[in-house]
């Protein structure tokens, strides 16, 4: 089943099983079913449970907060992850504060599709979940093609803590494989069993020299890098993919490589990857490199976009250099 | 005139004023930390409006200036004084302070106008669940120019939610005369979001009570929003450190003369006033004394490790 | 009727439409990356309005749907086609793509309504510097509910800046019929921010030209803002992938019948129309062909290391 | 001269010398002169150059962007750093993009007073400059009591690149010492001469065992920690205080301690300090610990607030533990 179908099925289950679940967002009802078609068909099946919103992201993000305060479980969609810039105040100064300072269990999920590599340009390609990382009272969760997006969404809706749920636009169309063979080469297994699991992609038998740690859609580039390292450089790598970005305990990840490369799609400076690399170095005592986008807005033109965003070939090059430097 | 009701309202108004004056004195003596926004001059609105609320059914959102709203609603002086002193016996154990109160269905926050989208959401939830009750939200004239306020008004208009917006137009946002930085009129923009609009000069607490009672009943029944603007005035500084050098002399003079608290006081028998004021003064002094003696909260209890 | 002027306008409108149709074809064949928002049906507004602009004095802000605005203003088909293909010969060398254009005093961005605060700022700067010229800003009906839009209108009203807001009300925000999620009326809220308001059904490009000319002169002279709402319609999908399943049949029928481009076409001699269309088709085909052949930009040149 | 006087003098100089400089903000004109009195007296001296704004942070942040596009040099004040949540879209999706993508030199400074330790509670005590760290096209600058806030402001206004300029509420009243004796014990000197310098606070002669790296108002707690380490534990420390938070080259800091402790006031998870520590470990090869606020909203009550925010005593304890762990 594809990523989008996992999500759609989960939303359908949630709506069917829990009358307090509501969906809010722009163009989520029929016949559009959402800009990325995640909610396609659902407003017909569940009349009155999907509420199409005006273009008013601040307003309806807060509308959802009120619904959550009143005991409902809103799932709020922000059409592009780039537009979360508009709701930072409602999320940081209201939602997160109500949850912890006012000590109210809140069921609230803000879903948003993130990411680039599609030529949509500077205001439609960013991975701005970074804005919410480290803010107390918020959890940032991102599914990927090795972790069931539907299961993660259900867990998030029922967590009782506000969740920023970051989907990836290109992943929607990709199949999800959570256990067993992945392509001809790799095997997927659960590395850390948890409500928000960590999945491992690796060769079945051979121990890896380097461990990648990543999340979300950029996993695609990491997997390609993993393949090329093997074929072109005879370097064996594994990948651990995290779904709980803010609270995942990377300190105790079962890393099998002697060195670690943490990859994120967003800008590497002051991002997720460096924080994770810092913690891995401190707690696992392994050398850890952080990779991510270069310090530029995301251009539309393909060669420019691929220069800025992390690509498989850049991951390969920098990983090899790092392994050389980090050789004991 | 219903003198019993007026006496009851006067007592609550006087309680709020005495509370605010006591807070001012504490700050002046350096006995309180943080900041505070008093509501001296505006007590009649809090009391007249919130006299109608059903605390279990309705939901109320306040502002950065909500001591009066809280006291009108709950009468809990000790808890509020404790909260301002950061004590464990505070409304939320000192975690919030003056601007961040939460008590049952009453919430405030420090971002002006920022509660309004939530307020519409609570009202929408009531509508979706078929529950009774309305949502009453206070806001200020300054906050009327914030995007989240305007978006919230549109949402209430578009979804026709059982919201009552109570604008306490005291003419200032901090030191800014709001009119000077505001285009057009509040009335036209509010109507432009699809909300009926009512304006009233908040001089007489009984009149406020009566007017709000009508609107309250109407919204309870129709499940549709109403926007109510009160002309009022803040007879104290914006916050603890404000010297009030910006006041417009005519406004100041008018409202000194027409202080709604004094108007209520004049209408009551002297004996009643004396009794009320003595009782309230004792009550407030006692509450602050107890709050001073109360223990501070323990971080280990209040701030749990993340889940 | 001024046939010469009409022929000139028709040529520009037909250029825009041919451009948008060519882009649709490129996307349909998978020859373009990214996304695009066409302006088929709305050409008369871009052309009628921007025929007045003094490119050096005035400032124009567009939206996510600004191919037409750009072409009406500059006529540079090759640069726009190149930009959409991510080529070095593009408006900003392929850095921006369809939604992010910048050319002299013309800027667009992908956040609906997000340019409006800047637009008021440019106008305020003109006022402060005593410079001539006005700021013309396009926006959509959907974007009218965004907080930044509403705040910008208030700022324009409060500071009385030389802004002309041009609302292209095509009735939809993507698939949403904007009226269904909007409280009240645009007119009342716009007036509520202190702006004069004019509404016009955008059927006739000459009429649009005349009306806008009046407003343009007025704002140049008075240095005060005006808000102008055009009723219009988008006769194409919202974006490349839109199947238009949501259209309201009556609206669709009305505007198919009253397509302003066809109206202009009918008023012109057949011979003129044929000449124009042939010329434009050649021009557009040639521009796209050259754009296809143009080189991609070089990251090392376009993206400099940080200072 | 006090920190606030440096700022006020710099603004006065800018207004006097450059007719394109304007100030925008709430209550900045007389008789208020700004919530923290930074602009006190200036609207009378420079009529028409200070523009009091309605409560409309998004709107007037954007208004300033337009003024900058038109060639002016706006200095926009957001009354409390906590309210920058409202302007993230204008700053990230407009200002930063115009600057780099549209290649327009923009003179734009957004000034905002940050920080806690004053009992103002959850929405008036945060250090949210973290929201802008790592966003391409933005520079985040923070003065401190060892770096001339006025000089930094002048540099920022004339940089030609958008600057988020983070002041500290408690620092306003403190004296600024940029060279020479600081108290009885320490000496201030410039460690890295730059438009945005790095200042060092150290004992005149003795080499330090540990280097603190920090920025902004929390320097106060770090200095206290430095004193207590000396008096109570005979551990000699130096402090390097950074003013260019986003672009400062921490990779090449002249660190003299064998271990480094990076301290920030904001939440340590996904914050500035861990990024800096990561880079110091990679490039200087020294063990680096990051310290900051605990993972909670900032409470009003004093013991709770001091539990959450980093304090001198916590810095001392954690530094000593770290030195022990990091002993070769």
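Miscellaneous remarks
When the chains are written out, they are named A, B, C and D in that same order, and each has its own residue count from 1.
We adopt the following convention: a residue touches a chain if its C-beta (ideal position, glycine included) is under 8 Å from a C-beta of that chain, and two chains touch if they have at least 3 such contacts.
Here the structure is a predicted model, which means the values were calculated and not measured.
In this assembly, C is the chain whose CA centroid lies farthest from the centroid of chain B. Separating the centre of chain A from that of chain B, both taken as means of CA atoms, is a distance of 42 Å.
Chain A and chain D, compared by their mean Cα positions, are separated by 31 Å.
Annotation: 46 Å between the Cα-based centres of chain B and chain C. For chain D, the set of residues that touch two or more other chains comprises 54, 56, 58-59, 82-83, 86, 89, 93, 97, 101, 122-123, 136, 295-296, 299. In chain C, 95-96, 100, 109-111, 145-148, 151, 154-155, 158, 180-182, 306 are the positions where the chain touches two or more neighbouring chains simultaneously.
Interchain contacts join each chain to each other chain, per the touch definition above.
Interface residues of chain A, counted against chain C in their complex, comprise 26-27, 31-32, 35, 52-59, 82-83, 86, 118-124, 294-296, 299-304, 307-308. Chain C makes touch with chain B in their complex at residues 145-148, 150-151, 153-158, 180-195. Put simply, chain B touches chain D in their complex at residues 33-35, 83, 86-87, 90, 93-100, 109-113, 142-143, 145-148, 173-176, 178, 180-182, 243, 245-246, 296-299, 302-303, 306.
Looking at the complex, you find that chain C touches chain D at residues 59, 92, 95-96, 100, 102, 107, 109-111, 114-126, 128-129, 147-148, 151-152, 154-155, 158, 306-307.
On chain D, the positions that touch chain A within their shared complex are 82-83, 85-86, 88-89, 92-93, 96-97, 100-101, 122-123, 128, 130-131, 133-137, 246, 266-272, 274-275, 277-279, 281-282, 289-290, 295-297, 299.
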